[in-house]
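Next come two complexes built around chain A: one with chain B, the other with chain C.
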Partner chain A sequence: MGAGHAHKLYRQAASPVHDLPPHCKIAAVFLFVIVVVSTPREAVWAFGLYAVLIAVVAGAARIPAGFLLKRLLIEVPFVAFAVLMPFVVPGDQVHVLGLALSKNGLWGAWNVLAKGTLGVAASVILASTTDLRALLLGLQRLKLPSLLVQIASFMIRYGDVITDEMRRMSIARRSRGFEAKGLKAWSVLAKSAGALFIRSYERGERVHLAMVSRGYAGSMPVIDDVTATGAQWRYAAVLPASALVICLLGWTL
Partner chain B sequence: MHVPDGFINAPVSAIAGVGAAAAIAVSLRGARRELDEKTAPLAGLVAAFIFAVQMLNFPVAAGTSGHLLGGALAAILVGPYTGVLCVSVVLLMQGILFADGGLTALGVNITDMAIVTTVVAYTVFRGLVKVLPRRRSSITAATFVAALLSVPAAALAFTAIYAAGGTTDVPLGKVLTAMVGVHILIGIGEAAITALTVGAVIAVRPDLVHGARGLHAPLKLRVGGELVDAPAPEPVPAAARSTHKVRATFIVAALLLAGFFSFYASASPDGLEKVAHDKGIDTQEKKHATEDSPLAGYSVKDIGNDRVATGLAGMIGVAVTVGVGSGIFWAVRRRKGSAADATPTAVPQTEKV
Partner chain C sequence: MTSSAAPASLEVSGLAFAYPDGHQALFGIDLTVGRGERVALLGPNGAGKTTLVLHLNGILTGGAGSVKVAGLPVEKRNLAEIRRRVGIVFQDPDDQLFMPTVREDVAFGPAASGMRGAELEARVHKALERVGMAEYADRPPHHLSFGQRRRVAVATVLAMEPEILVLDEPSSNLDPASRRELADILRALDVTVLMVTHDLPYALELCGRSVILSGGTIAADGKTADVLADEELMRTHRLELPFGFDPRAAAAKA
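Now for the complex of A and B:
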């Protein structure tokens, strides 16, 4: 379990963004996204400014542009949806290159694309500057129910273990000549999923016993409690505050 | 189906967030009762399992493949409360870590993928298990139907949320037909995989399947000395369970019918509309011609009034289903708890709704 969790998501680096307490970052990102979502879609320049803000934060966090862009690919399914939008939305038509596109649809597509991309970018910056344990600690500091945080932390801690177990089962299947082709494979794969569930559940029982034998009584001990100073809160608030200014300008202009 | 930021407007996202938070609070209480202090490790591991199993690809045809959504599977394997928690945690982590699904859309995502799927699947499942004979095959059959319905139900819930606060002007009828149509197909796959998976678990460890607990209770015959010993412990939990369980099941079923299927019923002509639309797909006028007629409820031209009306209906449907449904669950459970305290013979841990 040692180093295996954070690999692809977290980027180790020394930067002012990395040093911020996790709950400040989570709150800042969340507020930023709320502000972005409530910006009117007609204020195109506002979204440009948001993108600049994101780029500045990414620069401060020493996240290379390529890394950020690659992680943005998660959005692709909704991009496809957004591309369809100008064709299916009724309303005033605009003719571009011989295609009849609806104005409303174009605005809608722009709205979803711009806000979605900014949201994803903000989350990516959060995840790549905060390691998983700190993130969970931050959620706890933000008064998420402790049971929920515990469940999340177990999911994160054992996510890789269970995924590896699944991979080993897949290797075992393939080394016995199994090939996942067509519907016939479903029963085999579903049996694997069933076995994976039993293994996960039994592992959960073992984990629980191990915890009880180490004195677990319903809550996890907090070893390194993070606290944020006023200065850190203020520093983290720069992002949502400047976004808010842009948003207000977007509504008034 | 992870909704990104900006797809649903801010007020509706906030309402969905509040609803999701309330449902999670109820589930936290419920899960504590389902698993007591084991909740954290077990629910965490089951969440990890759901997360992993979503990566297990099932080949469909011609190189395409699909994967489980897992709501129905979680509900039937570990119970509705723990199921809601597990899927919600998976969605929360996907949102924060993988940026899959927007942070502001978290409430929307949890409402439709974690809560609606799980609650619909479990309600349908329990209802069917009550009706069907007590056999393993009926558990599998009930699982199939439950998973089959849970996916389009989530699509319906999404459409309802979209109607209330969608930021784009895609006509509601189209969203509905596209979402429900596609998700009925997905639901068939989900149903087959879920049923096969639950069947596989039942074959090995029937005691682990939450939904099959009623099934293995009569099998717990202690034939050590005499058969009298076996029925004695059995009727007590059964009697204590049944009334509340049936009541809760029916109340929830009624709420679901009111919230979702009435919506579905009034919108079902859209299936016809789709056929008409497919036939005359090249002309815009044809589409409007069909949409002008009896399906005015989902008409496109005057988005203003109709959308607000449908939106409100959908919103109230969702709010009533999530809010009142879980409130009643909670109330029933509380009453159950105090009743169990009053009567010393009842065993509080064994009841399951």
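Now for the complex of A and C:
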């Protein structure tokens, strides 16, 4: 797999994590998230250990801490949600600096924040070490419905084509003196969106024709089959397995 | 056409077709293309060229008449084999190249017919080699120039090792250098070619024989040099040579 589809999150580097087959990584992250989510929220130390695990994996993947932290910013909307919880959840109250906060709400906020952050961090590591093409192959390999994988790969292929078309339409509008302001602009923009939809639809028809002409009969042929050795599966399993141990301890202690 | 051991690459006889809205686009087409021949299909806009092309691999069916590819009739039960034998290169390479990388796109056709592994890899490499694009295998198509995309589009059908290569407007939107490179590639191929084009000098350069399709019927079929030199015929069918182009002189030079 080559230089092709470096997306914004991907970070080129040589590391054992980059070298893992994509479906091993996807499975590992997925299981890790499930384990984290099923940990009791009161086991605060367990979440600390999970964070250590993430840091170790990020280290193995040669991802600098700053890069990881910056990418965690997509979490901000969650944080806002979590901050609200202590104020709105009914139940026992604790008083902090004269504010009445719900005890249940505080735990709920902690729950969302801790689990959300860990889940996002694991996903960021996955995305930083796997290019888009490989991600799709991995999903295909994990038997995700082939239609979904096809849709996703068409989005990658035609994203730029459609953005280009949008840009050309915008240039054409502005060349004829159109500036996007005021209420009237909305009707023009809506019409452009309609035209864009029709163009994309027609392109879809032509692409389908080209696919059928080359023997497409409903399912994508397997061109690249990613395979993993037992050793690679075991290496990828280290993350969810250690997490599982921590989780079980969290339930029993 | 005298009968020989190998059946003609393409035999169209009595083909007529009307679109569902009632618009009759083809009125009884007869056309035979021998193995290894390169034929240009000329005609004004709306003549029915694309409609005819879409009959060659059974995308459009249901009218009168028949189409045979290397002796095999285009019918529902043969469609998979027919689509392997007829390689259509559509006009816009962005429609033709729908996979994330060049390599996967070229592999699509053969993989759809069940090819895998090393054999598939070799087939892809050979097809890309034939159009001089082997070093671009891992690139996404949208990072290539238009001329390169057109060449890759040709490779995607060459990879199926078709009996006949059908090209819709292969020289459109190409700059002169890309146009010439594509001509060199097409000339070097040893497959039957049917080329839909408005580029008359291109037809003269590449195809010994030309067929004019006009108003859904075949209006002329002959040596390209003769067809292009017949001013009356050309005018009737809205075909215009570029300014200053003399088909007789050009043919004599070639």
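Everything that follows uses one rule, which is that the second predicted complex is superposed on the first by the 219 of 253 C-alpha atoms of A that agree within 3 Å, B and C clash if a C-alpha of one lies under 4 Å from a C-alpha of the other, contacts with A are read in each partner's own complex, and residues count from 1 in each chain.
Everything that follows uses one rule, which is that a residue touches a chain if its C-beta (ideal position, glycine included) is under 8 Å from a C-beta of that chain, and two chains touch if they have at least 3 such contacts.
What you see is a predicted model, and the numbers here were worked out from it, not measured in a lab.
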Query = Regarding the shared-chain residue A:I156, is it in contact with chain B (first), chain C (second), both, or neither?
reply = both
Ask   = Does the superposition put A:W186 against chain B (first), chain C (second), both, or neither?
value = first
Query = After lining up the shared chain so the two structures overlap, which partner does A:R133 touch, if you call chain B first and chain C second: first, second, both or neither?
reply = second
Task = Give one of first, second, both or neither to describe whether A:L9 is in contact with chain B, with chain C, with both, or with none.
result = first
Message = Going by the contact rule stated at the top, is it chain B or chain C that touches a larger number of residues on chain A?
response = B
Query = Of the two partner chains, chain B (first) and chain C (second), which one does A:R203 touch, if any: first, second, both, or neither?
reply = both
Ask   = Is A:I223 in contact with chain B, with chain C, with both, or with neither (first, second, both, neither)?
value = second
Query = In the superposed arrangement, which partner chain does A:R214 touch: chain B (first), chain C (second), both, or neither?
reply = second
Task = Give one of first, second, both or neither to describe whether A:G105 is in contact with chain B, with chain C, with both, or with none.
result = first
Interface residues of chain A shared between complexes with chain B and chain C = 132, 153-154, 156-158, 161, 203, 207, 211, 216-217
Message = If we count contacts the way the header does, which residues on chain A are in touch with chain B in the complex?
response = 9, 26, 29-30, 33-34, 36-38, 41, 71, 74-75, 78, 85, 88-91, 104-105, 108-109, 111-112, 114-116, 118-124, 126-127, 132, 135, 145, 147-148, 150-159, 161-163, 165-166, 180-183, 185-187, 189-198, 200-201, 203-205, 207-208, 211, 216-218, 220
Note = Given the complex, residues on chain A that touch chain C span 1-5, 132-133, 136, 153-154, 156-158, 160-161, 203, 206-207, 209-217, 221-224
Request  = Quick one: which bits of chain B touch chain A in the complex? Just the residue numbers, please.
outcome  = 4-7, 9-10, 13, 24-25, 28, 31-32, 37-49, 51-53, 55-61, 65, 68, 77-78, 85-86, 88-90, 92-93, 95-100, 102-104, 167-171, 174, 192-193, 196-201, 203-205, 208, 284, 288, 300-301
Query = In the complex of these two chains, what residues of chain C are touching chain A?
reply = 54, 57, 59, 80, 83-84, 86, 88, 90, 92, 94-101, 104, 107-109, 111-114, 116, 120, 138-142, 156-157, 160
